[in-house]
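Consider the two complexes below, in which subunit A is the common component and subunit B and subunit C are the respective partners.
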Partner chain A sequence: MDQLLSGQLLFAALVTGSFYAIVALGLNLIYGTLRLLNVAHGDLVMIGAYTAFWLLSLVGLPPVFALPVAAGLCGAFGWLVYRGLLRKLLSNPQLAQRVEANSLILFYGLSVILQNAAALAFTASARGYRYLDEVHHLGAVAMTGNRLLLLGVAVGLCLAFWLFLRFHLFGWGLRAIIERREAARVVGVNVDRVQAITVCAGFAIAGLAGVLVSMTEQITPFMGFPFTITAFVVIILGGLGNVTAGIAAGLILGFVETYGMALTSASFRSVLIYGLFVGALLLRPQGLFGKAVRGA
Partner chain B sequence: MSGLFSMTRRSLLAAAALLAVAGTAQAAEPVRIGFSMAKTGLFAQAAPSQMNAYELWRDQVNAAGGLDVAGEKRPVEFVVYDDQSNPANAVRIYEKLITQDKVDLLFAPWGTPFHLAIAPVLERYKFPVVGNTAASVQLRNVKPGYIWFTTSAIPDQMGPALAKLAKQSGVKTAAVLTNALPFSQEVKSFLLPALEKEGIEVVVREDYPPDIKDMTAILSSVKQAAPDAVLALTYPADSFLFANQAKELGIAAPFVFSLIGPTIAAYQQVLGASANNIVTEAHWSPHQSDWPKAKPFYDAYVAKFNEAPDALDSVLPYMSAEILQQAVAKVGLDREKLRNEIASDTFETINGPVKFDGVQNVVTPTAYVQIQDGEIQLIWPDSIKTADFRPKTSW
Partner chain C sequence: MGWFDAALFALLAVLGVAVPLSGDGYLLGLAFNLALWIALTQSWSILSATTGYVSLGHVVFYGLGSYVLVLTVGSLPVPLAIVLAGVAAAVFALVVGLPVLRVRGPYFVILTFGLAELVKHLVVQIEAALGQYSRLLFGMPDLPYLYWWMFGLAVAATAAAVAVRRSRFGRGLLAIRENEEAAETVGVPVNRLKLLAFAASAAVPGAVGALAQMRTGYFEPGQAFDPVVSFSIVTMAVVGGSDQARGPILGAAAFLLLSELLWSSLPQLYMIILGVLLIVFVLFIPQGLAGLLTPPGRRR
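For the complex of A and B:
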């Protein structure tokens, strides 16, 4: 019981949950606005992780400064992918009909290419580095510097996004496209521009998440896939395309996982995560926070 | 048009190359060694330690004039295919290597399931392979004949040995944390009875899934129970998580064991001095002066790859290559002769002498190592140890 009420467990749940939230955030933006199933999402996390590793090992740049670099790099890659591959898929009405299925294949190919290009370029050896690994104490709670940084950046990012979607004109446009795509176009939202920026932002956030995770985990070309799965679980839980609900769902998943394991046993991790997932799908197929589509 | 041109040019070049080869008097035909490698997929990150060891061995042999085939020196060439971390692919690849590529020798793939999968193929084609990175009691069920297992890290020996080492190091209570994957579970099944036999009380016992992302809950209960030893039966991915979070929570147990992970080069890169005095599984150290080849191997590996060899996944493949090399020097490439030679002789390796009985290495003892000041030191058993156990006093 002591353990359940301890700040240590709360800290762990917050770190896990906020990380899930930002991993899912990028995927959700892209799915919500473009209906594209980006199964290469985790591989962008991998690219972010390698960016941090190489910047530190080759030029000695501290990973906290790798955050903007990785975001920029992945964002630029997103722009290339949008201009080179996605735009055509979305602008052709016939292709746009099957965009979800087609994008699945497209991104699966991209994922295979990214993984194997990384394996070829960097070898598959696990990499790692030490950064901010000193332990800080806040009362009875012990916190490693890098996990504290992860928590700070993740919470900041989620908050910034929430505010942006709520109060910024571009955020309104984005939400308009998510909710009523054609109507958004009619009222003058520049759909192409919003889409391009969304893909860039989605990729960039994945890169950021990669930098953060590289501080505590080993880096390999094949590390990305589990993040893709987690991100899908989170966004389906929250309701596809519902960005703020996705953030909440990430946090909920982190809490259920951490406290669930403390209450039962670590061997129940998958049961807890997928139990919540399946339960939510059965009871609220539109997602925990989603609105049921009327008259569809 | 340009395609045609380049083709003519290429064949001209090839012809010129052929002439050049013919001109340098009968250059020895290369010995082709085939194997599959998990270049992609689940086990890909384990493959480089093994591939590096094979490549180092090949380059050393070629630099010394080639592989001694019963008196004749011939250069070594590899024929490698990616098995995509799938044992079924490895089976097809070894069939292809034997029947279509007609390689002269075979090296082993990575990991227990792959060794078990190719054993029947080797049996069918009567092709001997010295295994390396496989460890399981299941190996004993493999029909002896064409495959041998170099490691001494077999769970039914490891469990009792770890319990004895712990007792000798003053451990009276222990926490046992076990990954749900097969090797960890196998070790646990032999470790728990052994701990009981040594009178060590298990105060925390937890299994966890391989994809665990946070161990705070488990480690908090370990911290509360404050055992003398934390025996974490880890795989590489969770070994990093375990050490990071044990450090965060300030686990104070003087005996900290992590099954697989600490011998990987990245482990010390991530953990630095926190990795010091962690005990792990391996039966090799570059500091064992009774094994004269150990330190030169270490130095050559570091010089070539700029990181320390993995005490398991690099050392075992290199040992298997040495065994094959010595057998080929004696009896040449005839498979039946090779098989009899490997099955009966004693070989000098970087891990000391190796001799097989059935499928098993019966010379190398089951051993444990500890990271001390960033170096791998053997701390068990007494017969080969290079340093005494040091209690873990800080992270």
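For the complex of A and C:
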């Protein structure tokens, strides 16, 4: 019981939850605006992680400075993917008719390419580095610098996005497209531009998350898929396309996972996550916080 | 069914019978795999191609079939165990179908995936509680015996896929894909049809899982419920084109050919080529191989 009430567990849950929140944030933006199932999302996290690793080991650049580089790299890749592939998928009515299956296969293809290109280029062996792993004490809670950094960046990012969606004109346009795409076009939102920027932003956030996670976990070409799954679980819990609820759902999943594992055992992690996910979807198909979603 | 399909099916049936008679072990293994993927993809198309409810968790039926076989091996005669595996998968589909099929579009895609992963991890827990982490099966039937079963399943799944598409049942399913509310309004019993299609698309994969299990002789939940199987099914259906019954056959054959050519020598390159092909097919050949092979005059 003492263990359950300890700040240590709370800190762990917050770190995990906020990380899930930002991984899911990028995915949710892309689903919300384009209705595409990006199963390659976790592979961008992988690219961000490798960016940090190589910048540190080749140039000696500290991973904090890899954050903007990875974001830029993944964002640029997002732009290419949008211009080269997604616009074609969305503009062809025959393809748009079965957009779930088609986008799933398109991104699965992309995911397979990224994973195996990374395996070819960097070999499949796991890599890692030590960075900011000194322990800080706050009261009875011990925390490493890299986890504090992760928490700080994640919270800052979520907050910034929330403010942006609420108060910036572009954020309004984005929300308008998420809620009613055709109506947004009618009132003068430049749908193509907002979509392009959203894909860049979604990919860039995934890259950022990759840099952050590479400080605490091992890097492999195939590390991305579990992040994809977790991100999907989070955004379904929050309601697809509902960006702020998705952030809350990320935190909830972090808490359920951390406390659930403390109560049972680490081997139950997957059963907990998928159980919560399947149960929630069967009981509340619109997501935990969802209003009924049209066209879902 | 046009002459092309009739010729294709007849050719495959003749080849399917001729391969085991040739006595070539390598060819027989290849034919076993081809029949396996045809059976899985045709079954998947009974639900997903007709209704538009894209299942990304079909491995759950395959895995359950494997598990049923593992649990009954030794205590049941082999043919009975295979049938039981198929029945168990269909019953599972009926039980979970009602709540699962309430969920639509992308939610259904992810839910079926999540359900398969949940069952996988539950089986892992059950096996751990039983003190088993992986199991070896001994004294399994030889490849020719398993092949005849698998061949039969591929034929049965193809026949079912053709029959469903031409039946009143299949037209009801198509109506669900086009507009579920409208179909319900004009009196199509959408829930019953969806549930039946779900169970029908689960039965053969269950039996396929049992056969594949006997072929490998090694059971490990992570392998029996490998999500790559689900992804491969959808992939073959998309590349082959799932609107027509010949599509899954062409898709499965194309992938098997590619993997035979490249997988053993250049696995990563094979996967990269696979990824590029997927993207090319989705964007440029949405009708799949089946659509490419339709004579130009009859293309819709």
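Just so we're on the same page, the second predicted complex is superposed on the first by the 292 of 296 C-alpha atoms of A that agree within 3 Å, B and C clash if a C-alpha of one lies under 4 Å from a C-alpha of the other, contacts with A are read in each partner's own complex, and residues count from 1 in each chain.
We adopt the following convention: contacts are C-beta pairs under 8 Å (C-beta built on N, C-alpha and C of every residue); 3 or more make two chains touch, one makes a residue touch a chain.
All values derive from a computational prediction rather than experimental measurement.
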Looking at the overlay, what does A:L85 touch: subunit B (first), subunit C (second), both, or neither?
second
Should A:L282 be classified as contacting the first partner (subunit B), the second (subunit C), both, or neither?
second
Counting only touches as set out at the top, which of subunit B and subunit C does A:T16 meet: first, second, both, neither?
first
Applying the document's definition of touch, where does A:F65 land relative to subunit B and subunit C: first, second, both, or neither?
neither
Contacts for A:D133 in the overlay, against subunit B (first) and subunit C (second): which applies, first, second, both or neither?
first
Return first, second, both or neither, reflecting whether A:I236 touches subunit B, subunit C, both chains, or no partner chain.
second
Of the partners subunit B and subunit C, which touch A:E217 in the superposed model: first, second, both, neither?
first
If you stack the two complexes on chain A, which partner ends up touching A:P226: first (subunit B), second (subunit C), both, or neither?
first
For subunit A, give the residues common to its interface with subunit B and its interface with subunit C.
115-116, 119, 267, 270
In the complex, subunit A touches subunit B at residues 2-3, 6, 8-9, 11-12, 15-16, 115-116, 119, 123-130, 133, 135, 142-144, 147, 216-218, 220-222, 226, 257-258, 261-262, 265-267, 269-270
In the complex, subunit A touches subunit C at residues 31, 35, 37, 85, 88-89, 92, 94-95, 98, 100-102, 104-106, 108-113, 115-117, 119-120, 229, 232-233, 236, 240, 267-268, 270-271, 274-275, 277-278, 281-282, 285, 295-296
Residues of subunit C defined as touching subunit A within the complex
48, 52, 54, 56, 99-100, 102-107, 109-111, 113-115, 117-118, 121-122, 124-125, 128, 231, 234-235, 238, 268-269, 271-272, 274-279, 281-283, 286
Going by the contact rule set out above, which residues of subunit B touch subunit A in the complex?
39-42, 44-45, 47-49, 180, 206-209, 211-218, 220-221, 224, 236-237, 240-241, 244, 247-250, 264-267, 269-272, 274, 307, 395
